[in-house]
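Two complexes are shown next, each including chain A; its partner changes from chain B in the first to chain C in the second.
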Partner chain A sequence: MKKILSRIFLLLLFSFVFFAAQSQQRFPKPEFESGYEQPTPTTPEPRSAGMEWADVFVLLAVLSMASWLAIKKRSRKGMIWLSLFTLIYFGFYREGCICSIGSIQNVALAFFDSGYKLSLTVLAFFLLPLIFALFFGRTFCAGACPLGAIQDLIVINPVSIPSWVRKTLDFFPYVYLGFAILFAATGTDFIICRYDPFVGIFRMNAPYIMILLGVAFLFLGMFFARPYCRVFCPYGVLLNWMSKFSKWHMTISPAECIKCKLCEPSCPFDAIEIPVNEKERTESSVRKNLKRFSFYLVLIPVWILAGGFALSKAHVFLSRANPTVYLAEILITHPELKTDTENLDIQTFLESGKSMQELVEEATLIRNKFRRGGWYLGGFLGLVLGIMIMNQFTMRKQEIYEPHKGNCFSCARCIDYCPVEKKK
Partner chain B sequence: MAENKKLDRRDFIQKGARITLGASLAGIGIAAATKASAEKYVWQIDPFKCTQCGRCATDCVKNPSAVKCVHAYDLCGYCDLCGGYFKPGANKLETGAENQLCPTAAIERRFIEEPYFEFIIDEELCIGCGKCVKGCGAFGNGSLHLQIRHDLCDNCNECAIARVCPSDAISRIPASQAYIIKGNFTETQES
Partner chain C sequence: MSKKGLSILIVAIIVVIIGIIIIDFIGNNALNRGGNPYEYNVDEYKEVDPSLIHYKETKNIALGDIIPRGMDIFKGDIYITGENFLKVIGIHGVQKLNISLEESGICVLARDEFIIAGLEQEVLIFDHMGKLINSWKPDTETTYITSLAILNNILFVADAGNRRVLKYTTEGNYLGEFEGKSESDDQHGFIIPSPHFDMVVNEFDELWIVNPGKHAIENYNEKGELRGFWASSSMNIEGFTGCCNPAEIAVLSNGSFVTSEKGMVRIKIYSQSGELESVVAAPEKFQEEGTAPDVKVDENDVVYALDFDRKLIRVFEKKLSE
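Now for the complex of A and B:
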């Protein structure tokens, strides 16, 4: 009985609070006499989580199919059909979003921001292609990546790029990867998604400049095959590492290579390793190379320090990409902008009741992250550069024609050029 | 014999590197999985933080924007002189285009009974500019507010309007709480 009484009391109290609050409404809700029925606002559901897992399943299926096509079936034709499917499904149907390349940023942010919730499906998109690359090579690039697919299908008249240009361009994906992680980890921006040149085409909708960029990439891609993959793709860096040590990589020849050279021009990506003439390897050249190799090996710490120093010095400039830092800085350097009613960011900040000191503290925290991040990023890029230069003076032993396991996209073009029959 | 040895060494390096890479991949995977959530995340506008700057209409990757005005009828005063519908200083309280605040005439004004009018948002026409929201908030009860409509939203990895939102009103939340529909006035008071 007591319980019921207390409940009634509580109910009364609640309704009192409710009506007291309601009375503060400027215009109370009318009581209709005409039998008007008030509609309720609709809340259309987002795409279900189950569908997201279906995407993971499709990715898994496509990856398996691509690996089978490259390694077992050895069929270029099959690969073309598969990449067409990928282009339609992950490209035009899923509109390029949820993609392994962009997932790097989610994973990076999850490590640096404890408040960030990483979706398991995104983690799966990040890990699956890398695991496959570790066993089968970059079959993701060949068949499961919509960005790769759209570029692969328009390779019309690829030209061979001189090796020094290629090796220089090899450095850029590392830069892109490094900056993407820096910007994601500091909670500044997802540059991979923002500057994805093809997502505008998949969505048939993007800022004018991004569509232009996408079309420019496609046009360039007719001659310089897969420009995004080779010069920019940050995920390609990780795939390259995995694929370099892959267990079963696609081979050009189904049996023993007869060094007929027929496959040499078949690769639009210059990813075929050509046999090295052993006769050129004299004792003096070996010694000279070894000397240079050791010199550049010793130089690596210098590169690391120089890179770290340079980028940590650039942290003030880099951190301006962060909206909070930018706002704080502009308010300090141009206080007169506070009266600029056109500047939405400044006006909203002034109205928000947040104090200038709070903003500056927040901005300083982010800027310090950039300084620390600059050291790591610069050091990493210095290391990569140092290793790349050092590697110029390694003596490779190459006896047969085979794909460069790191750079090869496993697109299976070269397979059709090989005259060797499979041993029965 | 020497050839064999060399091959063995190469194999060994390959295998060692493969195991190292595999292990680090597993490490990253497990470490990330501890921070992961099985739930799907979507973008949401908090109407109590929103300042109707108008960027939802211009910066969303969808054109027209996936942000639409939502009418919380519970809050509506059904005013004849609706601050969300009419321009300040409108000539007449009628549906002429010159009187309307909405640039796309996406609000339908329907007579119910003296002196009440119902206002209905046509989402096909709404561009999410928030002009009506601002008007309703300034002169009325604030029953109009902006929400991301999840049947239209692409759920981009990084929401383009979240990035430019000056009031940090847009955040990532579990899909089970995808909407904040202003209910009754008490909620407004609480927050």
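Now for the complex of A and C:
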């Protein structure tokens, strides 16, 4: 039944998006004059402050509800209904904006650009899920994220991919987060919003490439559950960090785990920690691992320096993503392009009254930011990579089945698999 | 599919997604963005599959230094009206009659007994010698006459300015009018956003009126009651585009319609029930964003198009192989 519902849901989504893309314009125009005057186009008013706070309130309520459902009520069914509400409210009604994932960029830009004012509601959207994750785990992912909700509904036949592939893919959200912050901080682009694969579905309108991405993600999500959350979501990185320290994280068993293994295949996200066979832990293996661990620990500063150096060297290439830098560069190398009346970017610059010198100075400033940012980003990615490699040699002590606090989305699927009764 | 196969597929899709994002991101710059994304461009719709074009242009008649507005074909002669004139010219371009008008003629209709000229706000009836027999003016100032048709001795006068069709006797007695409204809720009266509102009576004595705002051709009885219609809206060749098309129509002897469109100028043939049968002339034959040619058909189903932009009467005949 769930499979059929999922397929119908997918079909509806795809057809909405394609029909929206097929809309046509009218040509020729009417000729009769009826005295009607075209109204002057106006910029739509932003959402009123009251309504913005209402959104924050809804987020707070949904987060509280999700945490209660995951930890106290332990109800998967309740979580599904809550996800549906989130999908309708934050997805289709609010059209995917504002979302906590994208708010990373607003916060980053406000941090690095004093001219950009961050609204309190955006800050609340950024902080609330992180605060909740710090206490209750990633309940935001379970019930309050529209991107998570839309993917959760289409999980049909999830497969568990090899551990080495999973661990390799785990690195990508850090890369995405790093670049999203770099591009936001330099005023280049909000790439998280631009490449949000589901916003086109929520708005029933998107460029062709985004429709393609949305469809690809949904198709992928049928077999590889929540691909965006696991391989791309930059906010997931922050939630993962917070959740690792969560005090009251959801548990699989309501009481003592009896290690029945029933929950083992229940998680489509491979986020259940399986008990380690202590018999395999020999003194020589411990020593060998410790040696390797120490070696890679010492190597971390090298990774940081190498990453920082590499990306700072790439700052010229990276800064071309900034429209000002790119414009300055092409106008210097191809001054004849100034006569290209078809090129909107160039014509807009020429009509702005800005001089070439001003443009170059502005571009130089941005390029310097990229050089500095390249050091930070490269260093950060080097650190992450170093820790990830080093962690391959940690001796895990795991005695019971429990969710991986960082990776678990607190979706409550595994709860239904546990035969242990709650102590009264 | 095996687990290993699925894993490979999953990784491959992820790699493709990342690749698409990177390529799009790198490619989206001032040089690669291409032309103005907000530019209104309908060029792709101007292409017509050559196999659809069943007609060829066989002749044209230059009209010289006059401003033509409307045309009719009757018994081998071409009746043409325009800025302060009504002319009759033979099929080879020889002028047979020239009547001076005080105002511009918009449309003309020739029959055995008379020639009727529709000015913007007046109907004039001449005999074939050019003598004025009768004339009258509809009662409103906003009248804009665009087409004339006769069915069972009733003269139908299309008034685009008031979105109505007036009915008269050929002596000028007012018989009534209708606005194309139907009793059915899903129907609408005539929607006329431009001064193009054409009518035609076919071989089977059916009155067909264009409802251009609805991209429809509607069949009415003498009382002005809607009997049937078909409509086709599309930017593609199969339909009509924009605010108001078709601008002009004519009928072939088998009842098929010849339609002429403005904006993206093209002449096409539709079956009686509205299926596209063929194309007479593709947009490339006309001036870009030009005026819709007035179209008429003679007894041999040869299509005559009055090309206002080039001041030509262009003759289109069916290709022999068709």
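Everything below uses one rule, namely that the second predicted complex is superposed on the first by the 377 of 424 C-alpha atoms of A that agree within 3 Å, B and C clash if a C-alpha of one lies under 4 Å from a C-alpha of the other, contacts with A are read in each partner's own complex, and residues count from 1 in each chain.
The definition used in the following text is that contacts are C-beta pairs under 8 Å (C-beta built on N, C-alpha and C of every residue); 3 or more make two chains touch, one makes a residue touch a chain.
What you see is a predicted model, and the numbers here were worked out from it, not measured in a lab.
Trainee: Tell me which partner A:Phe219 touches in the superposition: chain B (first), chain C (second), both or neither.
Mentor: After superposition on chain A, A:Phe219 lies in contact with chain C alone.
Trainee: Using the superposition on chain A described above, determine whether A:Lys279 touches chain B (first), chain C (second), both, or neither.
Mentor: A:Lys279: touches no partner chain.
Trainee: Once the structures are superposed on A, label A:Pro227 by its partner contacts, choosing first (chain B), second (chain C), both or neither.
Mentor: Touch partner of A:Pro227: chain C, not chain B.
Trainee: Kindly classify A:Tyr116 by the partners it touches after superposition: chain B alone (first), chain C alone (second), both, or neither?
Mentor: A:Tyr116 sits against chain B, while chain C stays out of touch.
Trainee: One more residue to check, A:Ser352. First (chain B), second (chain C), both or neither?
Mentor: The first partner, chain B, only.
Trainee: Taking the superposition on A as described, I'd like to know which of chain B and chain C A:Pro30 touches: first, second, both or neither.
Mentor: In the superposed model, A:Pro30 contacts both chain B and chain C.
Trainee: When the two structures are overlaid on chain A, which partner does A:Pro162 contact: first (chain B), second (chain C), both, or neither?
Mentor: Second partner only.
Trainee: Figure out whether A:Ile209 sits in contact with chain B (first) or chain C (second), or with both, or with neither.
Mentor: second
Trainee: Where does A:Thr40 make contact in the superposed view: on chain B (first), on chain C (second), on both, or on neither?
Mentor: Only chain B is touched by A:Thr40; chain C is not.
Trainee: Have a look and say if chain B or chain C is in touch with more residues of chain A.
Mentor: Chain A has more residues touched by B than by the other partner.
Trainee: Can you give me the overlap between the chain B contact set and the chain C contact set on chain A?
Mentor: 24-30, 32, 189, 323, 344-345
Trainee: Report the residues of chain A in contact with chain B in the complex, numbered from low to high.
Mentor: 17-18, 21-22, 24-30, 32-34, 36, 38-41, 43-49, 52, 95, 97-99, 102-103, 105-107, 110-111, 114, 116-121, 123, 126-127, 130-131, 134, 189-190, 193-194, 203, 205-206, 241-242, 244-247, 323, 344-345, 347-349, 351-352
Trainee: Mind pulling up the chain C residues that touch chain A in the complex?
Mentor: Listed in rising order, the residues of chain C that touch chain A are 3, 6-7, 9-11, 13-14, 16-18, 20-21, 24-26, 29-31, 33, 35-37, 40, 42, 160, 192-195, 234-235, 241-245, 262-264, 289.
Trainee: Using the touch definition from the top, list the residues of chain A that touch chain C in their complex.
Mentor: Counting only chain A, the residues touching chain C are 24-32, 159-162, 165, 169, 172, 189, 191, 195, 209, 212-213, 216-217, 219-220, 223-224, 227, 231, 320-321, 323, 326-327, 330, 342-346.
Trainee: Show which residues of chain B lie in contact with chain A when the two form their complex.
Mentor: Where chain B meets chain A, its residues are 14, 17-18, 21-22, 25, 28-29, 31-33, 35-42, 51, 53-55, 61-63, 70-79, 112-113, 116, 118, 120, 140-141, 149-158, 160, 163-164, 166-167, 172, 174-175, 178-179, 181, 184-186, 189.
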